[in-house]
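Inspection log for the structure reproduced underneath, given as structure tokens.
Order as written gives the chain letters A, B and C; numbering starts at 1 within each chain.
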Amino acid sequence: MFFKSKVYRKSLLKSLLFVLPGVILTVVFVIYPVINTFWLSLNKWNGIGGAPVTWVGLENYIKTLTSEKFWNSMLNALYFTIGGFVVLMPIAFGLALLVTSKMRGTKFFKAAYLMPVMLGTTAVGLMWTFLLNADYGVLAQFLKFIGKPEWIINWLATPTVNIWCVVLVNEWMYAGYNMLIFAAGIVAIPDEVHDAALLDGCTGLKKIIYITVPLCKNMFMVFSVLCITGCLKAFDIVWAMTNGGPMDSSATPAILLYTQGFQYKLMGRSGAISIILLVLGLVLSIFLNQVIFKQEDM
Amino acid sequence: MKKKLLAAMLTLAMTASMGTMVYAEDAVDYDVENREYNDVTITLHTRWDEADTSGPLYKAIVEGFMEKYPGITVETIAIPTESEWLNSESVLMSDPASMPNVIVEYGGSRVAGYVEQNLVVNMDPYFEQYPEWPDRFNALGTSMVDFTNYGYEGTYGVPFTAYEVMLFYNEDILNENGIDPASLQSWDDLMAACETLKANGVQPFEMGEKDDYRFGHLHSALNYKTYGCDMAEKLGSREVLYDGEEQTAVYQMIIDAADKGYLGTNLLGIDDGQERSLFNTGKAAFLFMGTWFCAEDHSGLELFDNQKIHALRMPYVNEEYKYHDMGGGNEAYYAIDTGDADEVAASVLFLKYLTSEEVCNTFAAGYPAPMSVNVTTDAGNYLSQEAAAVIAETTDVRGDIENYDTATHMINTVRQALQGIAMGSSAEEVGQTIVDLIAEYE
Amino acid sequence: MNKYIIKSGIKKGAQYFIAIFMAVVTFFPLIITFINSFKNNEQILLGMFSLPEVWNFSNYPDAIRIANALKSITNSLLVAVATLIVTIVIAMPAAYAIARKSFGYLKVVYILFMAGVMVPVHCTLVSVSKISSTLGSKNSYLFLVLIYTAFNLSQAIFLFSGYISGLDRGLDEAAKIDGCGDLKLLTVILLPICKPILATEAILVFIYGYSELIFSLILITDSTKYTVSRAMLNFTANYTTSYGPQFAFVIMSMIPMLIIYLILHEKVEAGMLAGAVKG
């Protein structure tokens, strides 16, 4: 008994040493700042060191949840999610079908589609801002060329249109990455299934709908989790392309918490948005995880 | 463990602050020139842009200072993009441990917030120590260092460059369209000229409202030109309301001009840089801009080589306020009280060096923009001399009107609401947006 | 039969058409940016489609000179490599303990790491800046790397522990019978097996570390230490009105990533596939 407990203690100590560095980093740089943010979200503070921090209770939350700007930013996050499911998912899945098919050059195509994710968000955002410029950008020039100059609008400055531009650029960047997720699922389908399908005369689109998609269910789940949690936090690509403007029209919740905090100097408000975002993300991912585990049990 | 650390830090902080307190009571040494500096490092938080004409000049100032005072090292944080510069300043100023020693700012409520927390060094005792120093400044920059409106006596910081918002025009374009620049006295004259230009297929303005300070400046300038400079204080104290009649009238002036297409063809699609390059290449007849425009690098541009670009006073709306303009200090340098006497002294010394005669003359020669500091140099291009002549007649100036409000968020709130004009908002909507946001942020 | 061949021919044709079309969509923006990086302002303002009349090669030296492009690219590469090494060194043992040990507290630790995924990065700025100045670690790459690591741990531990859980425990048992301790088991036996997932995480961390902006903006103030995103941002500031060098900088910042990708793309793909299956 004593012996066992000694081994047990030693093993416990060892496991502790294994996780400790990670725990310390997480506590110092992630957990402590979050607790600090939570504290600020219950207070009013102008962000100046030494300035009074006044307790206001839930006021920041109430004002955030009744603010038009906040809901507009949530709508933009929703657009991101819709874009993910309606645009990114079909494209990524289609590309996955292509690169796992028997056509020639799949290696090249796979490499090509995956490339944008490597380029870095700032560079990609900057590049597309140039390309979408209404004066000299590629799209504008193309519309002039086909004789539809009246279609040229200021894409990045028109509400709703601008957030969709950003969403589409985001999909451009991540299509290849998500393609790999689906490709992994498709490759994992056993050959026998394909053969059986062929014998039953199940080919082409039919096969995709009735065989491939259901068997890739897990991949769709993985995609959903990544997509929803990613969309809620979207910041970099929006900041690089529109700074959230004009008039916060393309701001996502993450952009809003940044500008409210550091430009408007409403640190309490910014904290409230952070906490709402964090809680929402946790709830959503726990919910999705539950769904996934249930699916796997079935 | 954590408790111990905390206790230790607390003790440290207490002794440190007590140390300075004792020191402050004993005798603060305002004679920063004759102080011994051993390995003092100060940090400057600036918006300097290495790629701009002024970039190398600022760099030379820092290098010259370090050469003259070898005991002091100056570290510079330079972030030229406005939003990132502001965010960085906000983060650094959020905690005493991270505060820079000198910040570049524009006065107004943001700096007033720092003054309120006793974070900005009051320059008055230093000016007493060196009586000739305050004489170096002209009246242009006063508003940036004077916070009596906010209830704080004293002089906080030193103003450096100055500006006035003006109307620049392209002589060739006006000639071709039969417009006499001398006739452009009132806003109505200007609008009439715009109508003529537009009818002849010439674009009057190409404003870059993607940078939302463009309409912000237009709004401020039109206010001063309509109601006089006092409007800044009236609006700031909320004696006049943002959704009141006076302000709605100003929004309407901008809306009328924008709706007729005078202000630009792609308001939200271009930024202020593109705005200038369009004007510089003859794509627009007018440019509404601060005088920093005169100092920019225009080498190789035909219009400047042939002296076809000229400066005019911003037209008045109400003749009474013809000589009231938007302008003043363009940037000021504020020494931050970090609690370290050596650092504060070194920072003040840097400000003194920055505003000294030789340094300013060299700077102004390389960057011919108006200064809040007296300079004796006749260097400068024809355009900056024209601008100087306009400034000389100005009787009263104010800066961004939103900055006279005590709420720090106003400058962003108002500029954003004005951006709505480019997106089709009505004058009432602009006022309503501002008032709603004020209520929300109270 | 004939009909079948025609049908499959059309199908094949459509496949290739779509594949090539998508490849064009992917490459086209890059090619346009590349072409425009050789133009001057007037030519760019005339429209981005056309080839430059005069090839303006000076944009590249300009970007290198004014924005210190090469230095910042080197800095970013250094930070990215350091981050990926530190992340793996810290995450791998933690993931091993979580996947293979059954102490109750490890579940809590795992949840702690996972919750980190949902934290909006920007709400930590004030606190991180405070910690940095308390420790006097402004301009320290080490501090920056530690923060990058902290924000990559969730993902790394998620991927690693998932992968290790999927491995046969028999392997561990056999090793233990041979007298392998935990550390040896981890480094000698598991590490080589985990190569695909390590490659995945390495690439993801590398991309993050190379292009991260916000923390580098707040923590790195010495212009000789600027990272790529930071330097690019400075370069596109208000007063810089010539576009050619900006395009050139964008292209230059992409080159190291493209080279790494060209050399490693098969491993990257394999790794990402492995990661995706387990994730």
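Note that in this section a contact is a pair of C-beta atoms (placed from the backbone, for glycine too) under 8 Å apart; a residue touches a chain by one contact, two chains touch by 3 or more.
Keep in mind the model is a prediction, meaning the values are calculated, not measured.
In this structure, the chain pairs A-C and B-C differ in their number of contacting C-beta pairs, and the larger number is found at A-C.
Taking the mean of C-alpha positions as each chain's centre, the chain lying farthest from the centre of chain A is B. Here the spacing of chain B and chain C, counted between their Cα centres, is 39 Å.
Inter-chain spacing, taken between the CA centroids of chain A and chain C, is 15 Å.
Among all residues of chain A, those that touch two or more other chains are 47, 135, 258, 261-262, 267. Chain contacts: chain C has residues 45, 125-126, 233, 236 touching two or more partner chains. Along chain B, residues 87, 91, 94-95, 98, 274 each make contact with two or more other chains. Per the touch definition, chain B reaches chain C in the complex via residues 9, 43, 49-52, 75-82, 84, 87-88, 91-92, 94-95, 97-98, 211, 271-274, 276-277, 281, 296. Contact residues of chain B toward chain A in the complex are 83, 86-87, 90-91, 93-96, 98-99, 110, 113-114, 116-119, 209-210, 212, 266-270, 274, 408-409, 412-413, 416-417, 419-420, 422-423, 440-441. Chain C contributes residues 41-42, 45, 66-67, 125-126, 129-130, 132-134, 138, 217-218, 221-223, 233-241 to its touches with chain B in the complex.
Interface of chain C with chain A (complex): residues 11-12, 15-16, 18-19, 22-23, 25-27, 29-30, 32-33, 36, 44-49, 90-91, 93-94, 96-98, 101, 103, 106, 109, 112-113, 115-128, 131, 146-147, 149-151, 153, 157, 182, 207, 210-211, 213, 228-229, 232-233, 236, 243, 246-247, 250, 253-254, 257-258, 260-261, 265-266, 268-269, 272-274, 276-277, 279. Looking at the complex, you find that chain A touches chain C at residues 11-12, 14-15, 17-19, 21-23, 25-34, 36-37, 40, 47, 91, 94-95, 98, 101, 103, 105, 107-123, 126-128, 130-131, 135-138, 140-142, 145, 172, 176-177, 180-181, 183-185, 187-188, 204, 219, 222, 229, 232-233, 235-236, 239, 253-254, 257-258, 261-262, 267, 270-271, 274-275, 277-278, 281-282, 285.
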